[in-house]
Amino acid sequence: MLQEKTFITFNRMIAQNIYLMGFRSKKMALLSKPGQFLMIHLVGTQMDPLLARPFSVHSIKDNDILVILYKTVGKGTSLLSLSKEGDTISIIGPLGNGFPLPGKNQIPLLVAGGMGIAPLFFLSQLLINIKKYELKMFLGFSTSQEIVLFNELTSLGLDLSIATNDGSYGKKGLVTDILDQYLEKKSSIKPMIYACGPVDMLKEVSLRAISLNLTCYVSLESQMACGLGLCQGCAIKANNTTNKPYYYVCQDGPIFLAEMIDWGSL
Amino acid sequence: MLQEKTFITFNRMIAQNIYLMGFRSKKMALLSKPGQFLMIHLVGTQMDPLLARPFSVHSIKDNDILVILYKTVGKGTSLLSLSKEGDTISIIGPLGNGFPLPGKNQIPLLVAGGMGIAPLFFLSQLLINIKKYELKMFLGFSTSQEIVLFNELTSLGLDLSIATNDGSYGKKGLVTDILDQYLEKKSSIKPMIYACGPVDMLKEVSLRAISLNLTCYVSLESQMACGLGLCQGCAIKANNTTNKPYYYVCQDGPIFLAEMIDWGSL
Amino acid sequence: MPKTPNLSVEIGGLILKNPVITASGTFGYGNELNQLINLSSLGAIIVKGLSLEPMPGNPPPRIVETPCGILNSIGLANVGIKAFIKEKLPALHKIKTPIIANIYGHSMSEYAKITKIIEDTEKIAALEVNISCPNVEKGGMAFGTDSYTAAKVTEHVKKNTTKPVIVKLTPNVTDITSIAVAVESAGAQALSVTNTILGMAVDVPTRKPKLANIIGGLSGPAIKPLALYLVYKVANRVKIPVIGLGGIMNYEDALEFLIVGATAIQIGTATFVNPKTAIEVVDGLHNYCLRKKIHTINQITGSLKEYGESNEKS
Amino acid sequence: MPKTPNLSVEIGGLILKNPVITASGTFGYGNELNQLINLSSLGAIIVKGLSLEPMPGNPPPRIVETPCGILNSIGLANVGIKAFIKEKLPALHKIKTPIIANIYGHSMSEYAKITKIIEDTEKIAALEVNISCPNVEKGGMAFGTDSYTAAKVTEHVKKNTTKPVIVKLTPNVTDITSIAVAVESAGAQALSVTNTILGMAVDVPTRKPKLANIIGGLSGPAIKPLALYLVYKVANRVKIPVIGLGGIMNYEDALEFLIVGATAIQIGTATFVNPKTAIEVVDGLHNYCLRKKIHTINQITGSLKEYGESNEKS
């Protein structure tokens, strides 16, 4: 865990309300693993918004630039989107546990909904570089305009299946629909799933994985004040078969095995 | 009184921590008189700093650009200094009473301390344009690096006398020292004084003017929440010969006759 | 074609065309913004707190900005009820918005006397009784921190008027509901929740208080969470309408207060930041109702859902 | 050469090397920031509120940001005093900073029981008694809003320990000084002022409270003016040291609290914003004293000047 004031090296819109931003930090880049996150604060004396905001590490560029992919949804992300190359920001990271890598005989399958692509991109880079898998990724977006990183993912060599809610690209429907089709068709294969996206999607994916007895890791979000294990704010209800009542997303996660979570509470 | 969202046309540093900023508003430019002020708010959703900040109209450019001269002293002015051409700001104005112009036989004399030059520049432009006076101005700065607008004032045709606290330019001492010298030497002339600057300086100038029985207008500041007569925040103690206990700087001022003020309370 | 939503609300028999009221002490004597906004679009205007005799107010500095808020120690500076009626009120005669007088007395009998004067003043539509000002030595908040005296003040006012009586509560108490209930029993027809929170600030270089009065009242967005909580608590306890205020900056903040139980809301400090806030909140509520197909704004009041509840309905 | 200023302060017999303490609930179990800051530079560390048995805390969401502040409804989630001593405390053994346990009981006897356990735990230097948590149903704030029960809790704790006892007060009362005096008389050796203010927030699109618990405690810069006022009032009333907290973001804020009468200060929410805040405040105070030629930080405590007073001395 490091804290650094550093400079933004780029910040550009890649789709409606979606931005890629990079900042230099060799040390943090070296330490970061897929699935980990950063707490990001625009440096300044203003106290509104007050808290830093959590973002997954989306990729590492040139060994020393950390990249995040983010969507403007409120005050903090809107301000972030206005910052420019050379502006100072304060980052703490890498935080959280990160994705466990697949075992020898496990076949990974990536499932992303919307901005869920953010941490899975980094994971897929790693999986392809290290293990040379035939990596399959299911992507769901609400509409074709929100499809980001298509070329990047394709050129990594991923096999993409895309669904859009409005049918403007790929299969009309949810990402779980195309996942279902695949799992039914290839019921002989027992892949392990890595999923990130809106909580409703993660719930659906997890319930499927649990019922099919597949290993499934999900990247969860919750309201965070600190990201550092100080506030106990980021609680998420544990499945009642465990003896911890709550997990803390920033410390115990953000990556969880599907069966660890009490999905009924979400 | 108008409220407008408009664009910054320029914002540049002209000395250490001192900036000139212009924004377009034909209507407000048309209405503004020397001595009046504007309430300026950077448009945004952030609520820290919360309130708009008051600034005197420093000049009008090309008939439609309002110019302010400001010094960065805290949060609001520091933020203001970061804004750039094209940024949106919200202004309300013109506010306050403005300087009454000299009567037929009155000879105006301008006395500025530091940023007190801000409204007096506009006044001197007007006085020179309308009445073609031989206009004398006394300026006090803490040091030569803070001297601003020297060329502009000279080319307007003003006769400048400058004092600096550290003697790095002109006479070493306070602006009241050079004013005293002048008033003593030319004791036959009964000028009317327009003064703006730090409150201690205004107090000194006022006490002299009162004792010499000279008409003296001062531009006063006080903590303002609204600038519009709504909050009763900008109170300043009236001289007890009047029946109002307090004046309100935003409504009754910011320009006051020296004898209206209870200088002992300041 | 969508029906124009009905924004009108009733406060103690007084019908307001919309629930947006300007808060006392933040809207001068009512006419100052005449050049900037259409005063007739407001639900009601509450003028600066008025006392029987003129009050000079506290020495300056009276205002200091704090994080997301301001501290004020105006000290109820006002021209007095008589000068208000004679010199300020006439300017408001053409305005088609109810004018509400916020009143303050140093004693029970002063409250009664001001009330009598207002009773005879047609243009004043209702009274808001300030028993919660933190910035005056005698009376002021003291009346509002005790159920018994709060009820007594209310009675003194009620006895002397046929106009609707709103009582404005202070947040600086252990249990606001007991005071709310006492004031309701004493005949108040509505409650304004809340006045400012006590606070102070120090100028480090000089080690002096930033306010000459040392202590002031905190208002603005900083206090919104507390104000919202107090409105929620009070509205769940009394039957009379609650007018919510404290840090409302836009129509969404206003909706938060309505949802937790307010019948109407007031805009205070926000008017300093943007004098058009109240008007923008009226428009915002109108458009929200249109968008959400809400026919009357009363449907929003007290519509807070349980956390676990499904949100299909909204 | 300027003399190194003496920043040390005494709290009920406990000497702290500087007046900067991390606030309960905002610094985990003390060791979480071990990789980022030198914990031994702190004046003291107050750990998360501990109860006799583990407490799960409230359902999420437990945190929401508000203007210049945050609302939390953690609900005293903690591993319990025994697990703390066994599992968390060992990591702090090498740290040369006093560890203070913040304790919370559902009943008088629970407070007594936790105290006894702590009495036998050498590494815990002092106790901060939380009688002011707004986020638990039983006890919590209720103990702190009444002078009698506040004093009783204090007595129960005092009877069972020889370690310094600090009592943490709630701001949600009409008159904090009466509670402060009662607690002082009951034997408290210091007071922490203040815990969080009650508050809530509503999510307009769903009309649900933003906290699952509906109500939470407000902290951060938004509450600084109130906290400062309360410290000023309490410090002028009691003889024991007051530890000031509420919205301190930097050393200048810390100085404001010292100036109005605090002997030490705590850093809470600011640690979330910047985990190095406490360390930066220590450095800031050190440099301020150097710059101003202040030999011991105690000289600053209670040095507030009158408004009209000349400021030549500073």
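Going by the order they are written in, the chains are A, B, C and D; count residues from 1 in each one.
We adopt the following convention: a contact is a pair of C-beta atoms (placed from the backbone, for glycine too) under 8 Å apart; a residue touches a chain by one contact, two chains touch by 3 or more.
Just so we're clear, the structure is a prediction, and the values are computed from it rather than from any experiment.
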{"item": "Touching chain B and also chain C, the following chains", "value": "A, D"}
{"item": "Identity of the chain that, by mean CA position, is farthest from chain B", "value": "A"}
{"item": "Higher-contact pair (C-beta pairs counted), B-D versus A-D", "value": "A-D"}
{"item": "Distance between chain centroids, defined by C-alpha means - chain B, chain D (Å)", "value": "46"}
{"item": "Chain C-chain D separation of Cα centroids, rounded to whole Å", "value": "34"}
{"item": "Separation of chain A from chain B, taking each centre as the mean of its C-alpha atoms, in whole Å", "value": "55"}
{"item": "Mean-CA-position distance for chain D and chain A (Å)", "value": "36"}
{"item": "Touching two or more other chains - residues of chain D", "value": "59, 67-69, 220-221"}
{"item": "Where chain A touches two or more other chains, by residue", "value": "47-49"}
{"item": "Chain contact topology (line, ring, star, complete or other)", "value": "complete"}
{"item": "Footprint of chain B on chain A - complex, ascending", "value": "45-49, 75, 78-79"}
{"item": "Partner chain C, residues of chain B touching it in the complex", "value": "1-3, 41, 47-52, 90, 92, 222-226, 228-237, 245-246, 265"}
{"item": "Residue numbers on chain C that touch chain D, as the complex places them", "value": "59, 66-69, 71, 145, 172-175, 197-202, 204-209, 211-216, 218, 220-226, 228-229, 232, 247, 252, 255-256, 259-260, 303-309, 311, 314"}
{"item": "Chain C - residues contacting chain B, complex", "value": "25-28, 32-33, 35-36, 48, 56-57, 59-65, 67-70, 72, 74, 77-78, 220-221, 249, 269, 271-276"}
{"item": "Chain A residues within the chain C interface of the complex", "value": "47-48"}
